[in-house]
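Two complexes follow with chain A in common, the first pairing it with chain B and the second with chain C.
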Partner chain A sequence: MIIMSMSVNILRLWVLAALLTMATVLSACGPGQPPERARPQGPPPADADVSRMPPGQQGGVFFGTLGGMPRTLNPLQAGEDASSAMALSRLLEGLTRFDSAREEVVPGLAKSWDVGADQKTFTFHLRRGVQWSDGHPFTADDVVFTFQAIYDDRYPNRQKSELSVNGKPFEVEKIDDYTVRFRTADIYAPFLLYVGTSIMPRHKLIQAFDDGSLMRAWSVRDAQFTPEKIVSTGPLILERFRPAERIVYAANPHYYRIDSAGQRLPYIDRFIERIVNGQQASTLAFAYGQSDYENVEVRNVGWVKRNAERHGFTVYDRGPSQSTNFIWFNQNPGSNARGEPYVEPYKLAWFKDSRFRQAISYGIDREGIVQGVLLGRGLPLWGPVSPANRSWYNPDVQRYPFDPQRARALLREAGFTWDAAGKLHDRDGHAVAFSLSTNEDNEVRQAIGLVFIENMKQLGIDVRLQPLDFNTFVGKVMSSFDYEAGLLGLTGSWDPQGGWSVYHSAGRLHMWSPGQKTPQTPWEARIDELMQLQLRTLDVEARRRYVFEVQDILAREQPLIYTVTVNSYEGLQNRWRNLDPPQMGTLVWNYDEMWAETLLLR
Partner chain B sequence: MKALIIKRLLILIPMLLVVSLMVSLLMSLAPGDPVSQFEMMPDVDAEYLQRLRQEFGLDQPWYMQYFHWLGQVLPFSYHPDAASFWQRFDFRPNFGFSYYYRTEVWDLLVQRMPATILLSLTSLVLAWVIAIPLGVLAAIYKDSIFDRISQMLAYAALSIPEFFLALLALVFAAKTGWFPIGGFTSVEHDFLSPWGRFLDIAHHLLLPTIVLGIGGVAGVMRIMRANFLDNIRSEYVVTARAKGLAEGAVMFRHVFRNAINPLITAAGFAFSSILSGALLVEIVMNYPGIGQLVYNALLQQDAFVVQASVLMSVIMLMIGNLLADIALAMNDPRIRYD
Partner chain C sequence: MIRVSVMTSSMFKELLRRPAGLTVFIVLVLFYLVAIFADFLSPYSVTDQDLQHTFHPPTALLWKDGGLHVQRYEMQSRDLSGYTPVVGEGSPLRFFAPGYEYHLLGLVPMSHHLITVDGPDRLYLLGSDQVGRDIYSRLLHGTRISLSIGLIGIAVSMCIGFIVGGLAGYFGGAFDNIAMRLTEFLMAIPGLYLLLALRGAFAESFTPTQMFFLIVFILSFIGWSGTARIIRGMTLSLRNRQFVMAAEVMGQSSWKILWKHVLPNVFSYLIVAATISIPGYILGEAALSFLGLGIQDPSVSWGLMLSQAQNPQVFMEGYWWFLVPGLAIFVTVISFNVLGDVLRDIIDPKQKFLRS
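Now for the complex of A and B:
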C-alpha cells in the first residue's frame, strides 16, 4: 500500500510537469516574424539598371518551397539539378540576362555590348560601381576568372560545351577594368544567351582555383557553417542554410538594380525557401497558405483551386508548358556484344518505314488523351517545340489528327494486311506487335501509354506496356538498345540549340538511333545540315527559317511521334504586385521587382 | 575487462571489412549509376558524362571501386606540412566522398547527426522513464485491472507500425493545429531568442518523440514486468520478507536490482540504434536527420553515404554491446570477464 500511494504521488507530479511543459511550449509558438532588415542608404552604382516596373514598397518576406535539397552551391556544379540551380540563380548574375516576358537577351552585369564586323567579336562594357555583396568591386577580373575556371581541365563542368564552338573555348580578354572582349572560333548564334552564365567572385575563389580544390568550394557544408563567404551579385544574399530544412536569403544591399524612384531592388527583405520532401508536400504547403508560390501539377489543380479563396491565393492557367511527350521506335541497326541485332530485323523494317510511323501517328487519339488523361488541361502536340515557345514554334507543321481510316490506308500502302480476326500482319505474315517501355514513376506517361494501347487495338496492333525503373529504362534506351518502342518526355529549352542532342544524328538523345557516325537517311542528313546553318548565323529571321524546316522534317518523318503537352499552372498569393507574366517560364521570374501589399503571409 | 575491450575492438576490424564489402556488392547490383540521372538532360554533352564517370571511378568494376574507397578510409588524417603541430592532425574520420553532394561524407553525417541523436535520446528517455515504473507496478499488482490494461496497451503499441503512427501524428497536428506538421525548427526559428529557439525545437520534437517512444515503452515495459515477476518468486525474496524487511526495501533494493539486468543488455541495443532507429519516422515527418540523408542516398545510389551509415551502425552496435557488458559487470558482481 505504501508503494501504491508513493507511486500515485509520483504519477501526479509527472502529469503536472508534463502539462506545464506543454503549456509553455504551446504559448511560445505564436506566429513570430523575422525582424526588418536595415538597408544601407549608400548611393546606387553609377550604372545601376533601372527597372521598368512602377515603384513599390520595401519590406516583407517571400515564402517559397523547394521539392528537394540543393546538393551544392558550387557555381560549376549547381547547374546539374533544379534545386541547386535555383538556389545559385538567386545569388550569381551573368553578363546578360534573359527577359522571360519579352523573350530577349537584356543587359545584366554588362551594361552594353558591341558586336564586331566579323560577328565573332563581342566587346562587353561592364556596369561601373557594381559591388559584390561583401562590398568588393565587381570588375573584368571576375569575368576573366570565371571563364578561366570553366575551361580549366581540372574542373569538368556542364557549361563548358555550351561555351565552346567546335570544341574551342571562347577567347576572353580583359581590355580594362570595365571592358572585356570575347572572340568565338566561329559565328555562334546563341552566344549572347549562353555567355550570361553565372560570374564567380575571383577574390573569394581564386585560392581554391589555384590549389585545385575549386570543385569542393561552396558545398552544402560551407553554406551551413560559413554562409558569409558565399558572396553574390544577385538580388539576394545567403543568410542561413539549414540542410533539409530551409534556406534563408536576405536582400542584397549591393544589388545593381533600382526602380524609377531610385529605391534599391529587391523590395523584399527576405526570401525564405523551405525544403520539403517532394512535389506533393510542396503543393500541400501552398494549398494551405504556408507558401507564396507553387508550380501546381495538372493532377492537383482541381483541389488546390478549391482552397484559393480561403487562403488568399490565385491559381493561374499559364497555357501550354514546355514539356513534351513522345513515342518512338528503336531504329538502331546495330547488334549487341553477342552478335544479336538490337531489334528483330523484320520489326526494324516496319520501324524504318515512314508510312508505318505516320500510320501510328494517325492512329493516336491525342484529343482523347487531353480530355481523358489531362481532363482538358493540355494540348495535342505535333512537333518537338511546344506552342509555349512563341519565338521558335512552327505552327504550320504537318498534323496527324485522329483518323483510323487514314492510318489503315497508309498501312495497306506499306504492304500490311489484316487477317480474319482483324489482326495486322506484315508482308511476310508476321503479326504486328511490340512492347512499349516507359519509366514507372510518371503517372501521366503511363496513362498515355494505356490510351495508346487501346488506339492501336483498333488498327489490329498488339502493344504491351512495359513500365521500368528509371535507370533501367535509361540503360536500355541509351546504351544496351534492348527495347522496341519507348515513351518519354523532355522539357524543351527556349533556344533551338538546346535541342541539338535530339535533332542531330550524332546527338546523345537522338532517341531512335543515337550517336550516328554518318546520318542513316537523307532527311537526317538535311536536319544535321540545318542545325549547323542555324548555329552559324546571327540573323534571327534566317535562323528561324532553318529551325522551322527542322520541325517540318521531323513532323513529316515522325521519328518521334509527339502526343500532348500539359498545361502549366502556377499559384501565387494575392498580396504580390508588379507581376510581369511571361508566356513561357515561371510567373515569379522577376521576384526582385515584386512587392507585397501585406508584409506577412499569415 | 581490458582483455574483453581489446578483443571486441579487434573483432570489429574484420567485421567492418566484410560488411562494407557486402554493401559495395549490393549497391553495384542496382541498375544504373549516380550519373544515370543526367542521361535524359538534352543540354548535357556525352563527353561530360564520360568525364564524370571517370572522375568517380564508375567506369571500373565494383571491386576496384571498393578497393579505391578502402584506400581513402581513415579514422583520422595527418598533414605533415601544416603550420602548427595541432593542425597536422585532422580528427575528422574519412568515409570517402559523396557523388551527389560532391563533398566529404563525414561532413554530411555531421550536418545531420545532432537532430537525429537528439530525437533518439528524447524518445529513449521517454520510453524508459515511463516503461520502468509501469513494468514494476504491473508486476507487483499482477492480474489487477491496471496490469490487464497496461498489457493490452503494450500489445497494441507493439503491433502498430511506426510509420503509421507517424502518419497519425501528422494528421493530428494538421487537424488540431497544436503542433507543427513535421520538421525540426519553424521558419522564424533563426530570428528567435535562445529561449525561444529552445522552445521551438521542443515543440517540434514532441510528436516524433512520442511516436518513436511508444514502441519502446511497450517493449521495455514487458521485459521489466516479466523479469520482475521471475524475481519476486525467488527464494531470496521469501528470505528477505522473513527477515522482516519492509516491503518497499524488498522490492526496490533486492528485486529491482536483479530484474534490471536484461534491460542493461537492451540498453546496449538501444544505443546502437541511436543513429539509424528513427529512419522511418524521419522520412514520414520530414525530420532533417541522418535517416532522411541515407534514404535519399539510396535513391540516388550515393554509395559511400550508404556505406558510411551502415558502418556507423555496425560500430555503434559493437560499442553498445560492449558498454552493456561492462555495465552488467558493474551492476552484478557475479559477472566477470576474466
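Now for the complex of A and C:
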C-alpha cells in the first residue's frame, strides 16, 4: 500500500532527523576548543569610541544558533532576508548607530555631525585613524562610494527608497578625507537613523562597481572560499563560512571601539553561529547548555527555565515584544484578469462598514487568548504600535474589550439580523460567513485563529480557518488578492517611518487594500497626509503628535483588528558580563562590550 | 452469491470460536459503536473551548453527598500543568442529562449525554489541549474519521482491484497486457509527491475535510494495483479449472462466470487483504495529519490530535494525555492485524478447496 510505505518512509525520515540532531548536538558539546587567538594590540585609532561599560577581560567564545543560512553577504542584497542582514550587521558599520538601551541615534563611524540651519544639510566628521580589518584606512571616499553604489541604477536595492526624499537621492559630497556633507531635497525626519546604512569598502569593491558586477560580489561562494576578501569595520571579521553547518567570526583587530582601560573591543575572541534546523532544535540546544543565547518562545519558557540552574543560564522576561498579531478583511474593490471581483460584492459591503469591523473587534476575547494560548505571557493589543516601543506608543487609542453585547448592538445598528438558529444575516439575507487564511507553520497564530472561530460563533458568524503555506498566503495578500480575511503578524520597527508601507494607502503592506493610486476613504487620505507631515519635521514632539493621530485613526476604523502582542523571553548563559538590557530589541545588542567570566561553555 | 454468504457466515462463526478472534472482534465493534454514538458519550462538543483551563491534566472524581463529583482545581502556575485540587470541593456529575445539542446518526435531534457536569467545574477525563478543549470528547469524535477512512479506502481499492484483476486474468491477451502495464504505471507513481501536488493545487477550492476525503479516494485509486495483480494470478489459475470450463461450455456469459465462479473463490483472499490493508490507511491518516496534509483544526482525527503532541512543551512538561490518541491508533491497528491473521488462518485455501 502506498500509504503504508509512505508512513514507513516518514518514520525513517524521523529517525534520520533525530540522529542528525543528536549528531550535531554531540559534535557541539565535544571538547573541540578553538585555539586561543593572540590579538595584535596596535595603537587604537585617534578618535576611538570609548565604551561606557566597565572594562572587562578579553577572551572567550560566544556560541549562537542560526535558523537559516545567509544567502549572500552582498551589502546591496543582504536586506532581502533576515539571516543575511544579521550576518552583514556584524561586519559593516554605518556613520551612525542606534543605541537600543537609550533609544537614540549615536555616533558610529562618524564621530560627530552638524545640522545646517535649513535642517537639510548635515556635515559628518569621520573618526580619524579608523582602519578596515585589513589595515586599509577608512576615509570619506568609502562613504561617497557607498552612496554612489546605492543610487546607481545598475544595482537595484532596498536601501535606496529609505535614502531618498520624494524619490530624490541625497547629495553626498566629500569635503576632505574626514568630512562628508549630505544635502536632502526636503526635511527628512528619520535621516540620522537611515543614514547609518552599512558603509562599503571602496578599495575592495571599486573594481566590481566599475565593471558592473557589484551585485555578484561578496557572494556565499566568496564567503566560503576567500573569507579574507570580506573586510569589516564592525566588531567581527569573517573567519570561516560553512554553508548549512556554521559561521565562525573572529574579533576584528582594527575595531574602532575601546573600553575605558584602553583595551580594544570586542572582548570575545570568536563568535560561532551553528546552523540548526528550526526553532525547536535551537531552543533544545540552548536548554541543554549548548549555546549562549536563545530567544525563547512563550510556550517553551516553563520547561526551559527548569534547566536554568543545571546548565547555568537565566531566562529574562523582557516584557512586551515589538511583534503584533492582527486580523483583517480584504477591502480591495478591484477585480482580477477575468473580471471577477476579488471579494464577493455583498461581502465587500460588510468589510467596508467600520461598524462591522468594530463589532468583530468587540467580539474577540483578547484577554482569553493571553491567558489561555499565551499562558499569561502577553498583552492585549489595541493599535499598530506595541507598548514595547516607549517612544512612539500611544496609550490612549480606542480600545475594544471583549463585549459580545456591544458587538451585537453595533451589528444591529449596521442592519444585520439574527435568524431563529442564531445565525447572523445581512440586510439582503446573506448569511454572514467568511474564511480566515493564515500561515500554517505558526502554532500560536493557529491557536488565535481557533479562539477567533469560537468567538465569532457566539455572534452567529461562521468562520472557516484556512491554513496556507506562508509564501502562498503572502502571494494572495500582496498580489492576487483572492482571500476574504487574513491573520498575520508584523514586527514593528522603532521609527514610525518603518510603518509607512502599512499605514500609507500606496504602501505594499497596506494589507486591506495595498497600492492604492488615490486613497479610497477620507480617513485613509488623512493618514497619508499625517505620514507626510511626520516625515517633514525634525521636531520630535510634533512628529509624535502626528503619529499618535495615525494610531488613533487606525484604532477607530479597525482596518487591522489587532489582537495580542507576545512577551519576549531571552535566555543567556550566566557567564556573560556587561549586559545593558534595552526596553526594545535583543538583550545581546551590545555583544562587542560583553565579556565572559569563564571562557568556554561548561 | 449464495456460496459467498454461506462462506462468510461460516467464517464468522469460526472467528467467534477463536479467543483471539473474539477479542479483537469485540474491541472493533466497541470502537465502531463509539464512533456512532460519539456525541452521546462525550460531555463537550469538539470545539468547546475554555481558555481558563488550557493544558489541564485529567480531572479526578470524588464521592460526596451520595453522588459522584468532579474534583475542583485551582490554577497555581501556567506551567507544568500547575493546577492543584481543592480538597473536598467539586461539582456533581449528572447522567443522561441534557447538554449541547446534536443529531443522533445525523438524523434524530437530541441533547442528552451520558455524563454532564452540573456546576462551574469542567470534566476532563483525559485532560485538555492548548485552547482548553476536552481531549476525551475529541478522541471519541476522532474515531469517526480514523475508522471510516480505512473502509472508504479498501472499498475503492478492492472493487477496482477485483474488476480489473478478474477481467485481466479471465480474458488474458491484449486486455491483460494493457491492464497489467497500467498497474505497473500506477505502482510507479510516488504517492507522497502526488499528495503534495494535489494539496497545493486544491488547497483553496475545498474545505479541509473534503480535501482529506479526496486525498484518501485518490490514494486508494492508485493503490488498487497490488490487489489487481494477485486477483489476476488467481483468476488465471481458476479459469483452467473444470468448473469454469464447464460453465463456459454451457454458454454462461463472462460476467456471470466472474461473478458466480471466480468471485467466491477469490473472496476469501479479498477479505483478508482488505482487513490487513485497513491499518495502512489509519496509519496513513496519522502520517498525513502529521505533515499537515490531513484533517485540520477545528475538525478532529486521531492523527491530528497526535500531531499536536509534536510540541516539545508536551514532552518536557509531561503532558502525557496528549499521547492517548497514539494509544487508540495502536489498539486499532493491532486489532485489524490480528483480525486479518485469524481470518487467514480460518480460510486457508487448501482446506477450503479440499472440502468443496
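The definition used in the following text is that the second predicted complex is superposed on the first by the 571 of 602 C-alpha atoms of A that agree within 3 Å, B and C clash if a C-alpha of one lies under 4 Å from a C-alpha of the other, contacts with A are read in each partner's own complex, and residues count from 1 in each chain.
Keep in mind that, in the parts below, a residue touches a chain if its C-beta (ideal position, glycine included) is under 8 Å from a C-beta of that chain, and two chains touch if they have at least 3 such contacts.
Bear in mind that the values here come from a model prediction, so they are computed numbers and not experimental data.
**Q** Once the shared chain is lined up, is A:Arg508 touching chain B (first), chain C (second), both, or neither of them?
**A** Only chain B; A:Arg508 stays clear of chain C.
**Q** Give one of first, second, both or neither to describe whether A:Ser335 is in contact with chain B, with chain C, with both, or with none.
**A** Touch status of A:Ser335: no partner.
**Q** For the three-chain arrangement built by superposition, which of chain B and chain C touches the greater number of chain A residues?
**A** When the residues of chain A touched by each partner are counted, B comes out ahead.
**Q** Quick one: is A:Gln207 in contact with chain B, with chain C, with both, or with neither? Answer first, second, both or neither.
**A** neither
**Q** Once the shared chain is lined up, is A:Thr598 touching chain B (first), chain C (second), both, or neither of them?
**A** After superposition on chain A, A:Thr598 lies in contact with neither partner.
**Q** Now for A:Asp365: first (chain B), second (chain C), both, or neither, which partner does it touch?
**A** second
**Q** Of the partners chain B and chain C, which touch A:Leu465 in the superposed model: first, second, both, neither?
**A** The answer is second: A:Leu465 touches chain C but not chain B.
**Q** Would you mind listing the overlap between the chain B footprint and the chain C footprint on chain A?
**A** 2-4, 6-7, 10, 469, 472.
**Q** Under the touch definition given earlier, write down the residues of chain C that touch chain A in their complex.
**A** Those in contact with chain A are residues 47, 49-52, 54, 77-80, 130-132, 153, 191-192, 200, 203-204, 207-208, 219, 222-223, 226, 277, 279-281, 283-284, 286-287, 290-292, 296-298, 311-313, 316-317.
**Q** Please name which positions on chain A make contact with chain B in the complex.
**A** Listed in rising order, the residues of chain A that touch chain B are 2-4, 6-7, 10, 21-22, 24-26, 28-29, 31-35, 63, 69, 71-72, 74, 77, 80, 156-158, 160-162, 215-216, 219-221, 224, 239-240, 242-246, 248, 272, 274, 276-277, 281, 469-472, 474-475, 478, 488, 490, 492-493, 498-502, 508-509, 515.
**Q** Residues of chain B touching chain A in their complex?
**A** 30-33, 36-40, 42-49, 51-52, 55, 100-104, 107-108, 111-112, 133, 137, 140-141, 178, 183-188, 190-192, 196, 199-200, 202-203, 206, 246-248, 251, 283, 286, 288, 292-293, 296, 301
**Q** So in the complex, which bits of chain A are touching chain C?
**A** 1-7, 9-10, 280, 283-284, 287, 299-303, 305-306, 365, 368-369, 371-373, 375-377, 440, 443, 446-447, 450-451, 453-454, 457, 464-469, 472, 482
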